[in-house]
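Each of the two complexes below includes chain A, the first together with chain B, the second together with chain C.
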Partner chain A sequence: MQYRTPLLTLSLLIVWQNPVFAAPGNTCTGQALSKTFASGASWNLCWEPRQAEGIVLSQVTYKAPNHAARRVLGEAALSQVETALDDGSVAPLFLTTEAGFGGNNLQTLNAAACTNGTLHATSGRNVLCATTRAQGYSYKYTTQRQGQLWELSSHSQIGSRNYAVRWRFYENGTIEPSLGLSGELPVVDASATQYGWPAMQSGKVATGFTDHALWRLDFDLDTSHANDVVEEIISTPSADRLRKTKTITRLNTETGRNFDPETKRFWRIRDGILSNGSVGQISYELIPNRYDHSRANSSNTPWLANDVFFTRYNACEKHAANNPTSNCTANVSQFVNAESLNQQDIVVWYKQSYHHLPRSEDSNRIGTVWSSFQLLPRDWHSTNPF
Partner chain B sequence: MKSSVYAYAATALLALGNCLPNSVQAAEFCADQYYVEATLPNQSRWDMCWEHRNREGIVLHNIHYTPKNGTRRMVLYQAAVAQIHVPYDDNGARYHDVSDYGLGGNYMSALTAQECVGGQLLSYSGKNVLCQQVTPRDDAYSVDNDRLQGDALSLFSVAAIGAYNYIPQWRFLDDGAIEPSIGATGALQRFGAANIAEHGWLLESNKVGIAHLHNFFWKLDFDLGGTGNDDAVEEINYTQNAGKLTRANTPFTSEAARSVNPATLRSWRVMDGSLKNSKGLALSYEIQLPESVQRDVGPSTEPFTHNDFYVTKQKSCELFASHNPTTNGCAENLSAFVNNESLGGQDIVVWPSTTFYHMPRAEDAPRMDTHWSHIRVIPRDWHDKNPLSTSAETTADTTPPPPPPANGTVSNNANGISVNGNLNDWASLTSFGRDPDDVSGTNNKLNWLEAWAANDAERVYLAYQTKGNIDTSGFWGYQAYVDTDASTTSGYRTGALGADYLLEGANLWRYTGNGTSWSWAYQGRMTSQTSGTAAEFSFPRSWLGNSSEFRLLFWGNNAAFGGDAKDVYPDGAFNTASTTRYFTYKMYTPTSTGTATSISNPAANLSINGNLSDWNSLTSFGIDPIDVAGANNPLDWQEGWLAHDSSNVYLAYRTFNAVDTSKLWAYQVYFDTDSNSTTGYGNGAVGAEYMLEGRTLWRYTGDGDSWSWVPQGSTTNAFSGQTAEFSFPRSWLGNTTHLRLMFRGNNAVFGGTTEDVYPNASANPRYFAYRFQ
Partner chain C sequence: MPKILSLRTLLHYATLLCALTHLPANAGNLDPLSPAEIARATQQANVAAPFPTTRSATSNSTTPVLELLLVERHPNAKGQTARRADVYTYDYSTNETIIDVIDLDTNRVISRKREKNLQLPLTANELQRASDLILADDEQRSLLDAEFKRITGQTLNNPAQQLQVKAFVFHASSLPEQLNAASQQCGLHRCAQVLLYTADSVVFEVSPIVNLSAGVITQTIGF
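Moving on, here comes the complex of A and B:
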């Protein structure tokens, strides 16, 4: 068989080549914003509104007191919100790409909507509210310290629903993105009680729905965006379940992964080179939330089949689902196509699903429900900078 | 809308100071000094008593909630932290911090004004142990320009146990929700030397911070409406199927131990047996455990960790989830409290738990920042409407959610369509619906009546009918805008579309502008034929980027004939309130999931010329999706066929990119002629006796594993662009009457790393079946 040898040789010897992707820039897009806390900790970033995603943040840099500033994220946005009705009466909608968090849906905010904060405008409209808030104890031991956080929030009215997108930047380097669901119930006439809740005075059934928030987090740790690695950390229980043994595995190719309580699985994005000056290498880890709804995927779509996807940066991979396909594949499950993640520009796609079962309390106004998660520095510093 | 949040805390404190002595409830359940009452800025009110216990620390009881202008009702008779269980990964310690140490007594910290910002310190035995604050909680709700800031009453204490400082906190929100949480700060309790790094994380000075769990348990004794023995508890689960989420509520009749289930989106609720809201729904509180991703099933000696949510009958000696005092015949731990006692007519207690898995990080030394764990307790039908809004109910005729969906996705098999100006061959297909006769005037001859689309594996077909004869002298006026990525952010923005393509007369254009500029690149001239009022077109699917679905609207511009009328179809294309603003066409796709049911294509006169039009009437194995990407991975199967006559086998395939005849060995088709995966070359999908690789058919001679093949012969073949056709004698496959086959493309030869198999590796079965008959 004359072709077998070349095949073997090729597959063993192929030197991986750089496809020609548009290189991600180091420049901010939009307007610069920064916050320096009294402690000397500071955050620097840029923000711009886009038609689909609404507010997109770029070049997010954190500086701890008496430490150098380092970039954390090259770009970060809520890349897609897919909403599915319990009764399946309408095909799932992609609110980000089919309606948009930006454009006219991005609400103009007035001073009352930004109490104690500062409004920021784009195209003459105030759309972003920046607020400094107390966070309570930063730590308490023999002494205690009260911490602060800096919050950027915007609101988008999409049909009957109103979404708040809120980014919290803590003094200690923690980033907490949140999606707040409010507004009015989208459909109050489900075909059967099992698809909702008879929350209406008329006895009509308000239809339940699931919002799948698909976040895109382009990590570019420190100066080089192209030398990051993904590590999966698990702690395997012994047979008698009295002990756990940690193992760290580098994820070398693009993949979709799931949380797993049994092994306490989590991931961190680590710079390929930089150490914290001590024994650790600088990284950020993902702390999820809404585990209790995390397997919601009634249409069994591949982009909702994993909690987290890790891909290599590709400029046209913008939306985790319903991505424009002119130059690119359509969703994050297809973005995963065996490209290397080793010393690359890593993009983390985190899916957070929240199912809303209406209640009488929602029949005129949905009380805001927040769904949040955290990005936590791990060994970013050799010790607690405070 | 709130004008100011700034003054809230002060107002609330004033209110508290003024009301406390006058409150008739003050003496109802406890001495005044243990009574907490707060009217929140939105006029919701919470009141309760607290007591100090050495173990549980601050225990709250007789917790009442009064909505604005509503009825004061008891929610919880008692609420307490029931255990903090802290096992370490090296099994060097397994602490039971509440029962064995305590959140109260000497462990409880004296708080200073600096750590109770804007709040009020409450004292026990001369020590300030509890901080009461009213804090803003961001949006209560937000819709259009109706937005309300919410607030919460917060109560916390601090207990120092070893190096840890725990912060048990209760937040009572102005919408009736309760948020129990526990913060943990201080310093890491246990370190090891670098040789136990496998049980923790290496920190500065080569110390290992040992990883550990905090299993937090609460005991919540709900007495909804003040009656202790008429509550019921049920579990809410969903089944997921075919795009539907179907709810089922299951009541507990006896004590139970349950766990979070993310596949059924499980939650629980406690319902009152008699009280109902104005809608006839039972007053209830729902409990969710959203932070249970690190829930831990511990060893058999710690069965209380095996579940997340327990329901028991209230017993005063059942205090702690573990290490419970066994005096008075009480069980030792939560799992044993559950002993099948009936819940009917009983005072019910629920024990939710959540877990924080702490893998230390460098930042945890020398001081550890606070990490928090929460559970969610929310009212369900406690109110008639949102208690913070007086607005009217959402009206029942609310249209489905945005954006307005196009009605009726159309998908048509183009088999049998010929582009000849005669629409008879479209009669059995589904059109986009009739457009009314809505244009008049002599110069306004373009008046849409109906349109269709269809496709086969290769081409898209389009037809329309207009009221008057189609006049190709103004053919440019006949336009259809096509949005292939369902996104208004790319393409020419018109109506609800971002049109990536434009069909204008017989020409097809691709959009190149910024969304508003009129910038189009010529894509090609469609095959077209007009006849009277009918027009028919066809063009390759690749002209639309091989998209699997597109949206379109028709736009008739009578300016082409000197007229002024514009006919849009659908009529609502430019009306934002319309429910149909475009049509959706989904490419017709024969099944491609692998077929156990076999296909047979008896055929005559197939010519091997690279043109697959003579395969149109035959059944393919279905479309394989675009599932590989990247410049070095060009081999992506699209569709394949097999056919036969009395003496020959015919095979054809199409790939998404041109077949590269210089690297044909990458294109492989495996044939399993005995339908036995354990004989022949085993590739995971089939056991192949034969293989077509490039132009050559090979017979397998190895042991199943080895790559051992002898040539059977070189096929008759032809290649043209994306297509390939082959024929060879049936005897080369041993004159088999049945076979299984699968396609395998190895992009390694192109420098890629992706293999495309067809059917996909996830298909079941992983082969297509074919029979010769």
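Moving on, here comes the complex of A and C:
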């Protein structure tokens, strides 16, 4: 008898949690994965490996405790990485489409590569590691809260480089995609000192290089994918620099834009209709974690000329450059062709450039360097859900 | 003392039950292609373009005429759930990449395109061929022996065990001023830049370029 009340509570909890996950339906590709934190916050998504991109995520849905689950992304992947050597002796190489982050380059992971995590397999090989980690403070005031995050990571070995692709999904709704660089240094003859650093034990110069990574983020906020808008927000200092004036501009047609530290320019993808039940309309904003290398533009190519591009969804626009599907144009600067972005299906192409000037500690293994950015909920909820 | 389940335990069970009941192992009609579908798409592409398996009138009679490069799901427009496949095949007889779009519901080829200068990543077959060509070449072999000796102090007598081999597609445009005439065709021809490593992943400083279309090693560059 003493179990009746707890069992009733359990049944109620199950009913209450029933609508937690949006039905994956037929738009979710690959295998489903989910994480529910002790707080009740949860993430739900699908993943599949592809030859070029490596791991591709789809139907990424977030639910805060005691709130409805809402979709954030329809599809998301690292769409292209180009690497260029500082001495210009070799034309930049498209690692995604000319070598591939998937296929045989996608590494098989063992338990040691996934400490305290769970390995997930495709075609009989463990290629994805899912781990739950402590985040540290999610806030602290008169009360405090320690948050958690859920991490999905894979590794691709391309030539002498090893790239980690890591997605962090925080309990508070933040998404953090990261690219980790490691492997072994490339070498040139000592005559090219100005293009590198004498970092090899042999005394040879290791050439510097720049990696340009473009992430493709297909935003499909909540149930409808076709009614999202992009807003650019700046806070302009007054002449005496005592005040900052906020301005919001809707981007109505496809475009490429740049960060501007002076006005702290940033962008958010907002649902065209849905509010958070209070004054705000649900959206996610883009947060660069570092963009001090972002003006690097190897070969002055147009697809690297902007920090972020906004386009309307087109299924064959898969890779930010060297896009091989012949129904579409070749790169993201050409995907920007004056189509409307107003109440449309929005795709964000986010560029991260990282220039690596080797140091002796990189010989003979490059210490892992992470480049990341964040997608942060803005007015997704009417108050802090924690 | 009667046992009473704590709220924490209940939440744990509830979470577990939800996870078990709401996650299908496979997600639906836009899944990646199954091995059976890949086989079917490949077969349709082959039916549409029957070729002999080897060609004879070239310098290297083992060059295959057709190499299957990649089969993957054709990207659908949103809301469309038709099962379609893109089949990428390299035609060594014309140096073109053939792109077939196959409708898997009707088993028909919807479209076929041939493109020059489009080079997808190398297949395991092609990597093996490049590797075989390098190891069979006396000049290359002595270079590799010397490089292996320099790095490890040991003799290279069993390349299959002692070496790791990787390769990228190589384009002539990537080294515009350092190429000999034989390498200038790369891009229009299908070429591999081969990277060699010791078993513990130290990279060789020499990197051979192999023209797979012609079946020859065109030159060796520094890496």
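Keep in mind that, in the parts below, the second predicted complex is superposed on the first by the 353 of 386 C-alpha atoms of A that agree within 3 Å, B and C clash if a C-alpha of one lies under 4 Å from a C-alpha of the other, contacts with A are read in each partner's own complex, and residues count from 1 in each chain.
Simple rule for what comes next: a contact is a pair of C-beta atoms (placed from the backbone, for glycine too) under 8 Å apart; a residue touches a chain by one contact, two chains touch by 3 or more.
Quick caveat: nothing in here was measured; it's all calculated off a predicted structure.
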Chain B versus chain C as contact partner of A:A99, first or second or both or neither: both
Contacts of A:N289 with chain B and chain C, given as first, second, both or neither: first
Which of chain B and chain C A:F259 touches, first, second, both or neither: first
Touching partner for A:H225 - first (chain B), second (chain C), both, neither: second
Superposed model, chain A: greater residue contact from chain B or chain C: B
Partner chain in contact with A:Q51 - chain B first, chain C second, else both or neither: both
Doubly contacted chain A residues - partners chain C and chain B: 3, 6, 10, 14, 17, 20, 50-52, 89-93, 97-100, 157, 159-160, 184, 186-189, 324-326, 364
Contact footprint of chain A on chain C as seen in their complex: 2-5, 7, 10-11, 13-15, 17-19, 22-32, 70, 72-73, 75-78, 81, 86, 99, 113, 115, 118-121, 124, 166, 168-169, 171, 173-176, 178, 195, 197, 201-203, 205, 222-223
Touching residues (chain side chain A, partner chain C) in the complex: 2-3, 6, 9-10, 13-14, 17-18, 20-21, 24-34, 36, 38, 40, 46, 48-52, 59, 74, 89-93, 97-100, 103-104, 157, 159-160, 184, 186-189, 225-226, 313, 315-316, 318, 324-326, 345, 364
